[in-house]
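Chain IDs A, B, C and D follow the sequence of writing; residue 1 opens each chain.
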Amino acid sequence: MAETVPAQTLEDRFEAVVAAEQRIEPRDWMPDAYRATLIRQIAQHAHSEIIGMQPEGNWLTRAPSLRRKAILLAKAQDEAGHGLYLYAAAETLGVDRAELTEKLISGRQKYSSIFNYPTLTFADVGVIGWLVDGAAICNQVPLCRCSYGPYARAMVRICKEESFHQRQGYELLMTLMRGTEAQRRMVQDAVDRWWWPSLMMFGPSDADSPNTARSMAWRIKRHSNDELRRRFVDMTVPQAEHLGVTLPDPELRWNEERGGWDFGEPDWSELTRVIHGQGPCNAQRVERRRTAHEDGAWVREAAVAYAAKRAAEAAG
Amino acid sequence: GADLAAYCQMLGDDALVLAQRLIEWCTRAPELEEEVALANLGLDLLGQARLLLTRAGQADGTGRTEDDLAYWREEHEFRNVRLVEAPNGDFAYSIARLLLFATARGALYEALSAHPDPVLAAVAARGVKELAYHREYATAWTLRLGDGTPYSSGRMQAGVDAVWPLLEELFTAHPVELRAGVDPAALREPVLRSLGAVLAEAGLTVPDVPPLATVLGLAGRDGVHTEALGPLLAEFQVLARAHPGATW
Amino acid sequence: MAETVPAQTLEDRFEAVVAAEQRIEPRDWMPDAYRATLIRQIAQHAHSEIIGMQPEGNWLTRAPSLRRKAILLAKAQDEAGHGLYLYAAAETLGVDRAELTEKLISGRQKYSSIFNYPTLTFADVGVIGWLVDGAAICNQVPLCRCSYGPYARAMVRICKEESFHQRQGYELLMTLMRGTEAQRRMVQDAVDRWWWPSLMMFGPSDADSPNTARSMAWRIKRHSNDELRRRFVDMTVPQAEHLGVTLPDPELRWNEERGGWDFGEPDWSELTRVIHGQGPCNAQRVERRRTAHEDGAWVREAAVAYAAKRAAEAAG
Amino acid sequence: GADLAAYCQMLGDDALVLAQRLIEWCTRAPELEEEVALANLGLDLLGQARLLLTRAGQADGTGRTEDDLAYWREEHEFRNVRLVEAPNGDFAYSIARLLLFATARGALYEALSAHPDPVLAAVAARGVKELAYHREYATAWTLRLGDGTPYSSGRMQAGVDAVWPLLEELFTAHPVELRAGVDPAALREPVLRSLGAVLAEAGLTVPDVPPLATVLGLAGRDGVHTEALGPLLAEFQVLARAHPGATW
């Protein structure tokens, strides 16, 4: 325990592991900034899974068939599970879940802004699966090779389930598009509302994303925001065509030269407003989570007290 | 035919309505682990409901699907016991309800796994395992709350007291049940014994309260419910009913 | 203030006023038992108005036309108003409303057991107006001549509004009976469920009603339970015929000799169960009232604090 | 024709949805006097909604009745501002919402009582008096709670803070409103001044918060609501929709 290794050596070792595409593990030395960046990112990711249960959860009690109800409930359950893996990954960095939850419900830590939009019809459930989970997958697949081991391993499992959710969302939309006129209108309306917020999930354009370079050097991030956004658009446009919906972007056109789709600029001022808490659902989302947490305090306290009694008995 | 269908509908409605109540906990549970667990129980019950309602629609010759039965019946056509439709209350109430339901339904499924109808027998056989887990989960929380803090113990006892008058309906034989070859009254003793043991271990008292009165002798199995079922169904059915004939 | 009048004289005076069909007023001397009886009766009556808002209130948010919604809301408002008059009448006897509310929400004082049955369809709203308000009116009209002045005066106003409610209930049922098959079925089903509980509203049969004689001597009560019940049945049977519904009593038949309707015996054991708190809705009704009261405590405290500040300002 | 109808629908939906929220207080108010008063406000708003929706159905030439419009439109066809559909919250939140709505709507009705459409003008003229009472009621409670106990003051401030971002939508001109000859932006200043005076007297702070964001520029007047409206309408419409064509 009294082992002292010069900081320079430790840092070299860290850099070497990262450069060799090997994994940093919890007991390894790591730079404070690396740790802090990871904690913030993993916590936000975990919060997003938990808050992300709400928009779709809004339709759980009203799902229009028992099959869809079961699918949606299983998805909500997966999201709670993802939250658990991710909080566990964050805990390996020396924070604890209770502390992170406090930061979420007091508004000191963010979650993905996409969840501050309301889900207004059941088609939103499908579009969230298709576009929002689709965008999340673009963001997350590279994280499976993240330099921090516990995060990378959590992401492997999460990505597998996310792509299952994405396919289910797309399948729901296909079903609705084959359905009644009202159902098709519902899908187009949902696409119109969710398209731009989905594009904004990749974060500001590279010019406005000062931390990207460092995260990329640390092999936390692998691709720039704009690169991921382009990849998402290229993947999604043919799916939209197959579905028979119009993406609400008049500037969307094939760029022969680049071999990809050009697209318009999102309304970044709106993103800024939503990030700063003025989105249509920010207050509601945090409030729901806070209420659940506060209402459950006595239950958690009871569990702790019970465990302490059993431990005392076992010891005594 | 008709009796089997009616019986499957009773059991299916129990599972369906309780699944809906569990679903209401989603994003409101006291801990993330409980989010996962409660969704899991809800999924089990939903799965049972789907099989049972499908069987009901086959057995009565109408060919109604699970969704026809779930979304297009009126309140008075639902045959669930009143226990499952009661609002969730606090976590202690929900746990107490779950303990009672899982214990009784597990015992019933055990008996039904030898039922002459192979579909019902198969659902019951699978259900035995699921309900055993539900019972285990509810028992674990009954112990934690009952023997946790003084405050949690008070709330757990209040939950048990509040739900207890609804237990008897699970043991009250409806003619359909008897004709379907099952007398739920036979479950009373073993179920009460099992519940008594859990409550004793949790330091709780078995309530000495009479059963909730019926309305002129009629209750859930007759389609005479509490005021809680109407609003539950309004929400449950609203979207399906707004689009008659649509596929989802 | 030091005036002392022999008790015998006071009692004689009281008896004389009552016998002369004049009114006892709050400041008049009255026997303790008379006061206690009145307090209990008026409080139960007030509680019944307040708890009675719940069964119909159950349909307020779901009323099937805006006109019916307005009618139902106005009725709920009237009932709250009746509760207020009655609590005020009780207060003239030296109790206060807060104390009576405590007794209600702790289950130490009763309210009319009829409200412990659930309202399962919108036809129940009509049947409650017709049968329950109808029975209440039979009980209450004689109370307009009650020997205790404040109670009698409150009843005059209440009876006027109650009979308006009764006509509205009957009109709703007439509309439903002229409607669809489903609506007519709904009415018959509601009548089947509410008929016997309505008959039980008059209390046990005279043989089991030991306090009736004293209340009649005091001119609080004017008619025996059985007499009022017969009057109600005689009034209601032709209304049921006009409506086109069947009253669920096979023993119901015209008694030529008596010039009235004979009818079967209610299931008194059920009434006893419901009175003792095991009715389908006892717990739910009291719980709702208790929750409203407890949730509102901070609001009432604020109002008191505010009034005290204003009073202090005015004084200072 | 169409613009007048659409405008009457906006105002009618505001009144209808807020009436439904007030109705939810019934049997849940902190005091019996409040039961009476809140029902009274609900009745006023319901009355306004009925007249306005009836006018809308006449003016658009469809001949739809108040009930056709109230019970048979879908969520996205409702044109109320998001302020009125927010769940009730606690008494302080409900009072804060009422204060904002009554102040703004009173001022609007004042302006509308000179509107060229005689029906709209008449509804507005009557509404001015009703809303004045609503405003008085909300003001009285804002003072009592704001200047009552420290606890009530905190809750009242929280209620005002929570509802404030929804105020701006009442001042945001929709093209239909402008074509109907009304610019709600003109109300902003007098309404804010009046609200500021009440809050000051109650010892409360005027929140310094931006308006609730729209969804790509769309909000209540465009039929783009919050998640609160769907469940409200599910309950509101369930019975009428279960019996298409029936008369009640």
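Everything that follows uses one rule, which is that contacts are C-beta pairs under 8 Å (C-beta built on N, C-alpha and C of every residue); 3 or more make two chains touch, one makes a residue touch a chain.
Everything quoted here is computed from the prediction, not taken from an experiment.
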Shared touch partners for chain A + chain B come out as D
In contact with chain A and chain D alike are the chains B
More contacting C-beta pairs: B-C or C-D? The answer is C-D
Expressed in whole Å, how far the mean CA point of chain A lies from that of chain C is 58
Taking each chain's centre as the mean of its CA atoms, chain C sits from chain D at a distance in Å of 35
Dist(centroid_CA(chain B), centroid_CA(chain D)) in Å evaluates to 41
Among chain D residues, those touching two or more other chains are 234-235, 238
The positions of chain C in contact with two or more other chains are 62
Among line, ring, star, complete and other, the chain touch graph is other
The chain B residues in contact with chain D across the complex are 74, 231, 234-235, 238, 241-242
Chain C partner, complex, touching residues on chain B are 75-76, 162, 165, 209-216, 224-227, 230, 234
Residue set of chain A touching chain D in the complex reads 58, 62, 117-121, 189, 192-193, 196, 267, 270, 273-274, 278-281, 283-284
Within the complex, chain C is touched by chain D residues 16, 20, 23-24, 26-36, 39-40, 42-43, 46-47, 49-50, 53, 66-67, 70-71, 90-91, 143-145, 147-149, 151-153, 155, 235-236, 238-240, 243, 245-248
So, in the complex, the side of chain A touching chain B is made of residues 50, 53-54, 57, 59-70, 73-74, 76-77, 80-81, 83-84, 87, 122, 172, 175-176, 178-180, 182-183, 288-289, 291-293, 295-307, 309
